[in-house]
Amino acid sequence: MVGKHRQPGNIVTRRDLIREGEIDIQMEYFYDVPGSMPGTLRIPSDALPPIIGLIDYNEQKAVRLQLGTPEECAPHLDSESVSWLDVKGLGSEDVLQRLGQVFDLHPLVLEDVVNVPQRPKVEEYDDQLLIIARMVTPTESGSSFHQEQVSLILGRHYLLTVQEEPEFDCFGAVRDRIRTAKGIIRKRGADYLAYSLLDSIIDGFFPILEIYGEDIEELEDAVVESPTHQTLERIHTLRRELLVLRRAVWPMRDTINSLIRDGSDLISEDVRIYLRDCYDHTVQVLDMVETYRELASSLMDVYLSSVNNKMNEIMKVLTVISTIFIPLTFIVGIYGMNFDREKSPFNMPELDWYWGYPLCWVLMIVIALSLIAYFKRKGWFENVS
Amino acid sequence: MVGKHRQPGNIVTRRDLIREGEIDIQMEYFYDVPGSMPGTLRIPSDALPPIIGLIDYNEQKAVRLQLGTPEECAPHLDSESVSWLDVKGLGSEDVLQRLGQVFDLHPLVLEDVVNVPQRPKVEEYDDQLLIIARMVTPTESGSSFHQEQVSLILGRHYLLTVQEEPEFDCFGAVRDRIRTAKGIIRKRGADYLAYSLLDSIIDGFFPILEIYGEDIEELEDAVVESPTHQTLERIHTLRRELLVLRRAVWPMRDTINSLIRDGSDLISEDVRIYLRDCYDHTVQVLDMVETYRELASSLMDVYLSSVNNKMNEIMKVLTVISTIFIPLTFIVGIYGMNFDREKSPFNMPELDWYWGYPLCWVLMIVIALSLIAYFKRKGWFENVS
Amino acid sequence: MVGKHRQPGNIVTRRDLIREGEIDIQMEYFYDVPGSMPGTLRIPSDALPPIIGLIDYNEQKAVRLQLGTPEECAPHLDSESVSWLDVKGLGSEDVLQRLGQVFDLHPLVLEDVVNVPQRPKVEEYDDQLLIIARMVTPTESGSSFHQEQVSLILGRHYLLTVQEEPEFDCFGAVRDRIRTAKGIIRKRGADYLAYSLLDSIIDGFFPILEIYGEDIEELEDAVVESPTHQTLERIHTLRRELLVLRRAVWPMRDTINSLIRDGSDLISEDVRIYLRDCYDHTVQVLDMVETYRELASSLMDVYLSSVNNKMNEIMKVLTVISTIFIPLTFIVGIYGMNFDREKSPFNMPELDWYWGYPLCWVLMIVIALSLIAYFKRKGWFENVS
Amino acid sequence: MVGKHRQPGNIVTRRDLIREGEIDIQMEYFYDVPGSMPGTLRIPSDALPPIIGLIDYNEQKAVRLQLGTPEECAPHLDSESVSWLDVKGLGSEDVLQRLGQVFDLHPLVLEDVVNVPQRPKVEEYDDQLLIIARMVTPTESGSSFHQEQVSLILGRHYLLTVQEEPEFDCFGAVRDRIRTAKGIIRKRGADYLAYSLLDSIIDGFFPILEIYGEDIEELEDAVVESPTHQTLERIHTLRRELLVLRRAVWPMRDTINSLIRDGSDLISEDVRIYLRDCYDHTVQVLDMVETYRELASSLMDVYLSSVNNKMNEIMKVLTVISTIFIPLTFIVGIYGMNFDREKSPFNMPELDWYWGYPLCWVLMIVIALSLIAYFKRKGWFENVS
Amino acid sequence: MVGKHRQPGNIVTRRDLIREGEIDIQMEYFYDVPGSMPGTLRIPSDALPPIIGLIDYNEQKAVRLQLGTPEECAPHLDSESVSWLDVKGLGSEDVLQRLGQVFDLHPLVLEDVVNVPQRPKVEEYDDQLLIIARMVTPTESGSSFHQEQVSLILGRHYLLTVQEEPEFDCFGAVRDRIRTAKGIIRKRGADYLAYSLLDSIIDGFFPILEIYGEDIEELEDAVVESPTHQTLERIHTLRRELLVLRRAVWPMRDTINSLIRDGSDLISEDVRIYLRDCYDHTVQVLDMVETYRELASSLMDVYLSSVNNKMNEIMKVLTVISTIFIPLTFIVGIYGMNFDREKSPFNMPELDWYWGYPLCWVLMIVIALSLIAYFKRKGWFENVS
């Protein structure tokens, strides 16, 4: 999924990238074997083995550890400090099951975490809050995005996050803020940490939207100036990818809204104010996705119309040239006839005239000029030039 | 409705299958004779005689019996163990009426069970909960789906399920789980069993959607590369079948939602948590159906535009060739005229020139080349090659 | 409004029938003179004189009478038995006013009953419930439907129904059930009777929908195989008629829903369960109307595309033939030129060659074949055959 | 805004009327100078001076007066009889300000009354209810409508109505009912009067809709039979005017609904029942507007398709004639070549044949006939005739 | 962003202005670095340094000061008089941070104020109400609009407003009303001032809409009379700009509505009545934007159809001229053939006829006239003239 180095002068459409497997924006579908037991884990075949990282902090100190097994984090969970266990990769059923035991997860929680992709949602369990979110990160080639599911399980003093893949992540800035004790993050609990991560996820949509905004501006010029097959494919791909984005963002909005409205007591009043801000950003993302969708739809109209206009210009050229030469060719055909001039004075006497040939040319030039004048008056030359 | 064996290299469109009667995705309509008495059973003419199976289990043991008459299950209904009576086939009014007596069904319940298709819904009666669901199963030919109604009547210690046809079913895995006591199913009541079946039904939509997802990807290539009449028909069929799916899933969502929200005391709090999971899957199915519908609609636009583009290329070829040869033909016409050169020195002196014929060719080649240059500058050769 | 006898081989479009006045699916509009007094009756000019029928029944007996004047039913209204007064035809203001006095109707009730068409609705008055419904019945020619308003006024022990026309009616089966004491109808009150009639009205939509379903299937073949002007008109007519149906069914759904939810004490709990069933059917009708509307809209796309495809084939034929012959005609034009071969050895020496003419043919055949090969490679012959 | 006398045979499109200034259906916009003080009156520059009429009635008597100044009505306001002050014309700020003082109007009420057009709405003030409505009246030329704002200010014993223009009005019938004591209007209070006026306003939409219904029927024939530029303009104008109507009716519905639901105690329970009837009519108007909008949109599709069909017929004629004559012209070109028959026996020996010329004709006729047969088999002559 | 002086006769499209950077209606997007700390200020790179103005007034007096630092306003905040601090320009993080300290702003409030553009919204904090609004002002060139964010922070006795840019503003009239004590503004508190500013902002949309209304009317003529590429671009630009307007107004409606419904006690009952009026205007703006959007969409249809019609006329000319001359050219070709008349009496005896040539002309004229008659009968000349 990493973009190879490309020559700058080489135009590569997003569709090419999709074909080459570099971009992964197909409509992923959730797949559950009908009749399978609830709680059955379906590990994706290409999943990478999980990497387990722990950050444990309070106002005074912050430690970061790389763990070998989920059980190693157990001592941290009971302390009053905030423990953030970050699991990246879904490639081991054993590790995930043991994780479930350490955190005492409901079988359905574990299923939702592992059987990706799930729809973003928030669910309350006895002492835990499960938040499913969808994270997008720009690809290296910079022309599209990579998406994965992030599951957050919020407890009293801990936060467990599970990501699909070790590679992509937009939590770096949050880790830095914890390390450097920047802002108030070290003074707050696990709920503030969960908010910070959600906020990072939502803000991660903006760079993607920026790319699409530029795409649309490019396409707006392209559809008018040089509408080609490629333009058509790009518009369709754009609409398709905006549908994917929309599918990701809509439920995020509901998720964050229900965190604000009917969230459990795991989230403090204070953090709810911050979540309101996060909610605003989600609405803004959604707003822009919908706006872009409408623009893409309008672009399709303009594209069709532009192609039509190009065609019309071509047809005009054909019409103008045909229509001028057809009568002329008729005339030269007349004087190519072989009527026997000796048999009758009425048989093509023009051929014997002294000025016959020049007069014929004069006639033809007059016809051509009057046709051109007629077309000019009709305005046919306006776009043909 | 069983797919015949097909040669792999032989392309068969879904429409062909529909014509051959192998696929059955027409818009089925409910038909009730106006003024008919409520509770009137309308047995479909091609219904097969019912097969009655009973599974009776508790934590300790599980038995599976094939029953001859509905009355045989009466002794099982009173016991504390969970009794699952599975009736497959609607072909006998007598059996169905007796079933109604054994389970003490309201006449309207029996009507809804028999007079298929009904809209999915949940209805509460005194001691029973009627759940109407729609089950889809892939056909053997693998290219489309078969749909039928499944009615679940949930009582305190029993579950009665009625299927339209004996052949198709997605409950095999649930039966295995009961037999092998896998998971917690043997420890729970009839409500958990009902949940398990509903979950199987919903999960049964995913393989179907996977097929449509692949169809759309195929069509996305087809509309751009080789848009034919067949492509058009496939898009229309796709839209039509997605409409059928949507009609099936929308009310399922409401059904499961009302089971969660205002369900009776026949469903325990515990099972409601599991139903929430089932609800999420339904929303996901719906989400995908809507996404596919939008894509199909966008495909139509692309198809129309592609066909247009093909046409434009053809018109360009015509225009280019006509426009080049029309002036040339005019010129050769001129020198085919029979003006009498002896009568006047002005009458086509070119014909007598020493270099006349070669000069004529030079003139024509110059005209042709300048026209070609003009077309090239206008970019007409870009797609014509 | 009765279909004349038609020859079977004679294709008659629905539009023809409309023109001939046999079908009556125009957008009827309610018309009230601005400023007219509430309660003003507006008798349609072509209304037929009312026929008044009375059915009076209880569990023991059922009598059916034809009444001359509304007042004759007065004695029946006070008895405990259920009295169903069925008035067919709106052609006499006098009779309608007297009816209003006998049943003590609010002026607005009488206005709604007479000034058809009203939107389906339910309204509660002191001791009465006014239900306005829309009834559709298939026409004899079987190709479309006839619609009229049915007003039901439900009292404690009586039901007054007013129909627009004496001729069409779908209550026959209900009358039979009363006469033969089939089912439980004779054991229940006037509310059950009202439910039975509403159920008949709703079920009356299904045969109509069946016709449209077949129409759509026919059109699906027609638009692909032989799209003509007639097809276009049929699609437009279909859309128009589905709009009419939708206008009729939407408010019916709300009507029945409000009967279930906030109905007065004139409707017993028991009957509400039956009305739930009736509501389900209404939703199903609506569902199908909406599905058909979407299909009709998709058909329009397919039609336009099919017409386009036909056109493209025609243009291809023109292009192929023109493009092959234009260069050939140019060549034969060349050798029709009259350059003087005696004046110069460069002037068309080909004309003097021994193999000149055969070589000319060879050249032309080579050109024609390479053009044909080019077109074949471009795939232009695929649909032209 | 008065239609001039027109010759019956002279077709005048609605657009012509708009251009001539006779019809006034442009999108009017409310204009408020940014930052202007609330309560600032913006008298339209072409407003006519107000005419003030008073009708004062109770069950016994009814008087109608023409007032010179607003203050003259003050004595009537305190009496128990119903006083209806009808102000027509907004052309004098002085009169309007004094009116505000006499009725003790809130500055915002006066602003809403004067600064037309406002959106229909209902607003409750201490002892008054402000109802803004939109009234449409057919123009004299009968082809379109005139719209203006009517403001109703309902007090305990009085009703103040303010109309934009003196000329148009649909309250004549209500005034007659008061004068002749027809119906119950003289027995009721000011709230019943307000209802009667609102009812008149709503019913005033029906004649307008009737015109549009006829327009649509005309257009339905026109788009199929003779689709011209004018048809296109008429469809666009229709859509535009239906948008105007919709903008007027939507808020009317909400207005009347809120009068019924949360109206103040100025409206008696009794009148609320009548308003329910009025609400039904509004819904019906809205229903029809939406239906017409859908039909107009479908008409656009049919128009485009019809124009396309016409074009296709023209192209078919071109194709048929070109395709038949192009090969023939090629043949006659061949035998116009000047290969020297004396130099070689292979050089065009056909020209020396005895039956050469007739055979040439036979060949050409055979080619023409087989092409015609081919076109006939392809069905190209079906619409060309 | 200031329009240069333009020659009146010089047509400048809005797109040109956008290209020249004079108009700024692109889809602005909010951009937050993922993972950035809440409260991080992101000063736009081209922001101008803030200008701080203070207006302090009560019923008796009103002073206006230009402040150097935010701290200078501190003494005014405690007094009972209303203090309006107006900050224009976001170009100094230092000033903005100090502003936050003086007014004791929550970090999220400051973020929303500075990190423009935010979605319009209202948020309640302890003693403050944050209102985010979007202000549009016409550009000097008069052909489009400039938009910026205005943040209002309402306290008990003060109002802090922050604007993006010093230059544009629609609050002049409000300042004048304070200075001249016109109306009641000097008698009311800070909430009335906030209302006045919001009202100015909303009313500022009307002149913009007026421009678009005129644009649409112009386009309505243009699409029918001279549909060009430019027209297409103008329609697309119109749709795009209306989308921008809609994005601005929708949340404004919700904002003002929530100020009315669940606003804090910072807003008095009295002012809420005025806000209702402001809400009505917002709904009206929205109404018009939606209406214009529908018209623009209908314009697109008309445009496409007009272009089609133009094309059809061109094709008709080609068809008419080709179809007339093709048979004639065939005829003259015939008599150009060189069949040897001496070898056979059947070889083109017409060439020897006495009246041969004149008869040939007669034949051709007859053919031409009958074709012209045929086309006339088909109505092809109607639009071609």
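In order of appearance the chains are A, B, C, D and E, and numbering begins at 1 in each one.
Definition applied: a residue touches a chain if its C-beta (ideal position, glycine included) is under 8 Å from a C-beta of that chain, and two chains touch if they have at least 3 such contacts.
Remember, it's a predicted structure, so these values are computed and weren't measured experimentally.
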item: Contact-graph separation of chain C and chain E, given in steps at minimum; value: 2
item: Partner chains that chain B and chain E have in common; value: A
item: Superposition of chain C upon chain D: rotation angle, C-alpha, nearest 5 degrees; value: 70
item: Between chain A and chain E, centroid-to-centroid distance (C-alpha), Å; value: 26
item: Chain A and chain D, separation of their C-alpha mean positions in angstrom; value: 42
item: Contacts with 2+ other chains: residues of chain D; value: 304, 308, 315, 318, 322, 326, 329, 333, 336-338, 348
item: Overall pattern in which the protein chains touch one another (line/ring/star/complete/other); value: ring
item: Chains in cyclic order, anchored at chain A, direction fixed by chain B; value: A, B, C, D, E
item: Residue numbers on chain C that touch chain B, as the complex places them; value: 170-174, 176-177, 182-183, 185, 196, 199-201, 203-204, 206-207, 209-210, 213, 216-217, 220, 224, 273-274, 276-277, 280-281, 283-284, 287-288, 291-292, 294-295, 298-299, 301-302, 304-306, 308-309, 312, 315-316, 318-319, 322-323, 326-327, 329-330, 333-334, 336-340, 343-344, 346-348, 378-380, 382-383
item: In the complex, chain A residues that touch chain B; value: 26-27, 29-39, 106, 108, 111-112, 118-119, 121, 123, 226, 228-229, 232-233, 236, 239-240, 243, 247, 300, 303-304, 307-308, 310-311, 313-315, 317-318, 321-322, 325-326, 328-329, 332-333, 335-338, 341, 348, 350-358, 360
